[in-house]
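In what comes next, chain A is part of two complexes: it sits with chain B in the first one and with chain C in the second one.
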Partner chain A sequence: MRFFYYLDLARRSFARHRVLTALMIVAIALGIGTSMTTLTVLYLLSGDPLPGKSERTFYVQLDAGGKEGFRPGEEPNLQLSRYDAEGLLRARHAPRQALMTGGNGAIDPKRAGVDPFYADVRYTSADFFPMFDVPFARGGPWTAQEDEAHARVAVISKELAEKLFDGGDGVGRSVRLDGHELAIVGVLEYWRPTPHFYDLFTGDYGESEQIFLPFSTSRDLELERSGNIDCWDEAGLTSTAVNAPCAWIQFWVQLESPAEAAAYRDYLVSYSEEQQRNGRFMRPPNVRLRSVMEWLDFRRVVPSDVRLQAWLAFAFLAVCLLNTVGLLLAKFLRRSAEIGVRRALGASRRAIFTQFLVEAGCVGLIGGVLGLGLAWLGLYAVRQQPVDYAPLARLDPTMLATTFVIALVSSLLAGLLPAWRAARIVPALQLKSQ
Partner chain B sequence: MDFGPILATLRRHRTAAALIVLEIALSCAFVCNAIYLIGGRVSRMEHPSGLAESELVRVQITAPGKQEDAQVAIQEDLALLSAIPGVRKAAFTRQLPFGNSSWNSGVKLTLEETHSRLVATTYLGSEGLLETLGVQLVAGRDFTRDEYVDEEEALASTTTGPIIITRAVAERLWPGQPGVGQTLYLGGHTLQVIGVLERLVRPNEYHGAADYELSLLVPVRERYTRTVNYVLRVDPARRAEVLAAASSALGQSRPGRIILEKQTLEEMRNKYYRGDRAMAWLLVSVCAALLIVTALGIVGLASFWVGQRTRQIGIRRALGATRGQVVRYFQAENFLLATFGIALGMLLAYGINQLLMERYELGRLPAQYLPVGALSLWMLGQLAVLGPALRAASVPPAVATRTV
Partner chain C sequence: MLSMRGISKVYRTEMVQTHALRELDLSVRAGELLAVTGPSGSGKTTLLNIAGLLEEFSAGQYQLDGVDVNGLSDDARSRLRNQKIGFIFQSFNLIPDLNLFDNVDVPLRYRGLPRAERKHRIERALERVGLASRMKHYPAELSGGQQQRAAIARAVAGEPPLLLADEPTGNLDSQMAREVLEILEQLNAQGATVVIVTHDPEIAARAHRNVHIVDGVATDLEPAPVLIRGSERQLDPNFAA
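Showing the complex of A and B:
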């Protein structure tokens, strides 16, 4: 096989120019290592948190702001007021809808030897679980009737169940949150959507909450909320009251088709008009209905530092490749005499070209393998960073394959020009100069 | 130095010369922009907070359920904290710099205007907060004891209350005028400025770097929310000891309390800027790697040229050229290539900066960064070419007489 002969030639060439070959391999490895590290992080952070469903799941915005500070065409409030969120939930104009907000509270483990601890909580409504495909290990979600009845129920995470019940099943037992007993109706499987898309106001890449309970119940118990709250009027002491002029609730709907989405948007406009007529809304209807990915894009969830790092790494890879082109050129032309002899003995231009491309490809592959090691180290370094997405930074098969493709393609590209120059060497001239 | 022969030689090695020029150009553009980015991060990290940072520690606690006797609890806690050896002053505060969570409100200059002049953060705390934080008044005075009111009372109040603002707020609202004595409006409440602070930063830079120092202080005792921050001004040498004592005292004073945070303000600052520090180091290491790769590329190509021109060098030496002249030839050649590269790199640097400005809201690259990049690449080129040039100089004139 010709190919293996070329491989053997490449091996000999590497052995003869050890330092130069090592230089090229190290340069490619560095370039590949840095760019794969940053690309993996970028890829993980810009992923779809709700695959297969994200284009059918929408985030609702209404403009409930006050008369003051109004500028036509501005973005409406990023969240809904409690009045509007509860109203839209009751109206049930979408097949599925859920209101939600973040919170936290002290959990009393009711077990000797375990101290009370603070946990993140989500106050939401029944459709949250089927709408976001939340996986259950035991039991299931609470019902819409339980939402209306302000039932003292909760769904807890697998981690919390393990902590509270020593690995035992929690369904049917209760959890004590801020001094209130809540009956556990379901225990989740491990669930951590990335980004934390359904509430970007409690950390873009945070972990999901440990306890979920009906929003209605959380208001009865006056549990503590967290996240962002925007008040446009004097809120007084109770910014979480039904009629408070404050936006602090996220509202998601699932709509099956573009027609359904258009109909829901119309409904939001007519709802706004009705509120304006009632004197509640001071501004003309201004609604938004963004799908999951549109919403993430609009909120610029992927940190700009991460995107900047990816650009930096690819600029670095470009310089490394340019460097490789130069070194390969030097290396190949240094062997002009050898090429001249081979050509004189009957090797075609194509054969010379292929031979040198194989050599360049080998440099790329070895550099790629080393680069993969560097990327693995780089991702390890990212995991040590104080960012909420740190634990996610790991190589997956897609990125592994991408690494090799990038390494091979880029080294072949780098080898193209030098190999072409080598193939153009005129045999007679080389033989004469000897 | 006569560049003519060098240019003539380079013209015969167009591809290799172009590659080196391009590599130098890319490196130059990259390094200029990276130095600028690093500078930006460093100046961000060095922004003073206005606080006596080295003397401060904070403890954040929470308790389950509604706290009905909030103010009593706070006063008890403060008495407890003040009694700890090493504590000079203790105060309650709703928010702290580097603490992220913040309370912001729009400020107006008349009640009638429909748009706020600026959005500033409002610090609420117990008496003596200014002294505890160590912030400096440049005009006016601190609040007096009887100016402090409960939150309910403050919200219901229709009379003019006192407020302390930072110099940044005063300069924004009343440029060139003294701030003390002026009136401003905060959510329907009339407030009169009684003091101006040199500096007090917001808990975070969410509202942008230009607004980082827009802070207000009002003498309001906050209704006890479940999560409470205490800030202690202590003997810097005893910070760890005080933190341990304070958290155990607070934890034991009432049942069910959980200590959420306990750290020195320096730790908070470090944590707050960890991302910037990591980015700056990343840029420094990528720059270093880039310069090393570029230098190695120059070494590789120069060595190749030296090898290729051994005969010519021998002939020049035989015709009377000194070793120094041979070395200078290669140095001049490299200088020429570097100059082309740097010229192209400057254009590229501006192009990249333009992109960064559009995408990442960065400022225009200041011109003084360009000579820094240029100088570093000239020096790098000269260093890299020195080895091959010296090797060229050691070619004996006798080479000229050999046929192979």
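Showing the complex of A and C:
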């Protein structure tokens, strides 16, 4: 195999020009290490948290705001009022829909040696689990009937089950939240969608909640809620009351086709018109129905400095590659005499081109391995930063493969010009000039 | 073996045109030992480069072993060069990174021969020039004469019918030069066609035919009788094979 011959020639060339080769490898490794660190962070932060379904899952917005400060065409409220969210849930115009908000409460472990602790809670409705493909280890979600019945049920995370029941099965047992007993109907597998797309008002990249229970139950029990709330009127009600003029609830629907999405949008418009006629909405219908990725884009979830860092890192990689092009050119053209001899002995231009491209590819691969080590160090440094996405900064198999592809492609690109120049060397001149 | 008709070579720069060869006709029969002589800058090396398919010519017809080389692709020219021609250079041009075995291996690699056959051919070629015991040596560890013998082994390992030598003894002392010349004569006696560009009157005298080039124009000459001192041929015993 000619390829293995070229590999052997590359090895000999590296041994002969150690310093030059080391310089090239370090240049590529630095470029790869830096760009892979930032690219990994960007990839983790901008990934699809609901692969395969994100295009069919939509976030609902209605403009329920007051007359004051109204400007036509402006963005409607980012969340729904309780009245609207519960109304849309009851209407069931989508195949699946769920309302939700975050909260927290004290959990009494009922176990000797484990102190009570605070946990993040999600108040939602039955479709939350199938709509977001939430994986269950044991049991399952509660039902829509249990939502309507304000049932004292809960689904808990695997981590909480292990903490409360010492690794035992929690289904059929109960958890005490803020002094209220809730029957556990399901235990989740480890689940941490990144970003925390379904509620961006309680942190973009936080952990998932430890307890999920029906929204209706949470209101009965007056459990504490968390996240943003936007009120536009003084109605003398508590902000979480059904008729309070406050938006604090997220509402998601699953719609299977563009036609269904269009129909649902029409429904939201007619709902708004009806609310306007009834005197509840002061503004003309103004609705939004954004898919998961559109919603994340709109909310600018990926920090802008992360994007900037990625651009800068790739610019740095380009500089490193330009350096490598220069070094490869110098290295290859220093071997003009050898190239002349090889051409005289039967090497075609293509053979010379391939030989030198293989050598450049080897530099890239070695640089890539070294760069991978640097990326690993870089991500370690990111994990030490005080940002909510820090724990996520790890290389996964996709990024590992990407690193090698980028290293190889970059070094082959860097090797193209030098290898082409090497292949164009006129053998006759070299043979006589020795 | 080699037939050139009306070969011209013009080097063009922005300022001047230089005619290196002017409508040159040259035929070399199979088995011939031809010396190409002429003053420096007369076009000898250009002729050799064109004959060796290392350079294009500006006009004319060239057939190498029955193959018309006009319009051949680089791949085809390289293949033809690899199969038909062995080169021997004044500066030996061994690759310093490779030992003798690997240097001789270079043309065989480009021919794509299987490993066992390459090994057999390399060992035989190095034996023929008396360097069988130095296969693992690098060029820098050898004398000039040994390097040129290694270069000859590299040229003949693929058993090409045509050997082109450009001043093969130019960098050697007289004893080493004589050894190299005798090897070339021996190869010629075994059937190889040998074309030698040379300033050396001894080589010219021992060639079957001389072609003299002046200003890119070739003239056939009979070899001039030259007194060869100490002309007993002292071939390496290995070379007899």
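General observations
By definition in this document, the second predicted complex is superposed on the first by the 413 of 434 C-alpha atoms of A that agree within 3 Å, B and C clash if a C-alpha of one lies under 4 Å from a C-alpha of the other, contacts with A are read in each partner's own complex, and residues count from 1 in each chain.
Here, a residue touches a chain if its C-beta (ideal position, glycine included) is under 8 Å from a C-beta of that chain, and two chains touch if they have at least 3 such contacts.
Quantities reported herein were computed from a predicted structural model and do not represent experimental measurements.
Residue contacts after overlaying the shared chain place A:323 against chain B, while chain C stays out of touching range. Which of chain B and chain C touches more residues of chain A: that partner is B. Once chain A of one complex is fitted onto chain A of the other, the partner contacts of A:178 are limited to chain B, with no touch recorded for chain C.
In the superposed model, A:340 makes contact with chain C only, not with chain B. Touch criterion not met for A:278: it reaches neither chain B nor chain C.
Looking at the shared chain after the overlay, A:145 reaches neither chain B nor chain C.
Looking at the shared chain after the overlay, A:427 reaches chain C, while chain B stays out of its contact range.
By the touch criterion stated above, A:350 is placed in contact with chain C alone, chain B being left untouched. Shared interface residues of chain A (contacting chain B in one complex, chain C in the other): 434.
Across the complex, chain A meets chain B through its residues 20, 23, 27, 30, 34, 67-70, 105-106, 108, 115-118, 178-179, 222, 224, 234, 236-237, 304-305, 307-309, 312-313, 315-316, 318-320, 322-323, 325-327, 329-331, 333-334, 385-387, 417, 421, 434.
Note for the complex: chain C touches chain A at residues 45, 49, 52, 54-55, 74-75, 77-79, 81-83, 87, 89, 91, 93-95, 97-98, 106-107, 109-112, 154, 158, 166.
On chain A, the positions that touch chain C within their shared complex are 2, 5, 12-13, 16, 337-338, 340-351, 426-428, 431-432, 434.
Only residues 15-16, 19-20, 22-23, 26-27, 30, 34, 37, 62-66, 106, 114-116, 151-152, 155, 187-188, 223, 225-227, 256, 258, 260, 271, 274-275, 278-279, 282-283, 286, 289-290, 293-294, 296-297, 300-301, 303-304, 307-308, 356, 359-360, 404 of chain B touch chain A when the two sit together in their complex.
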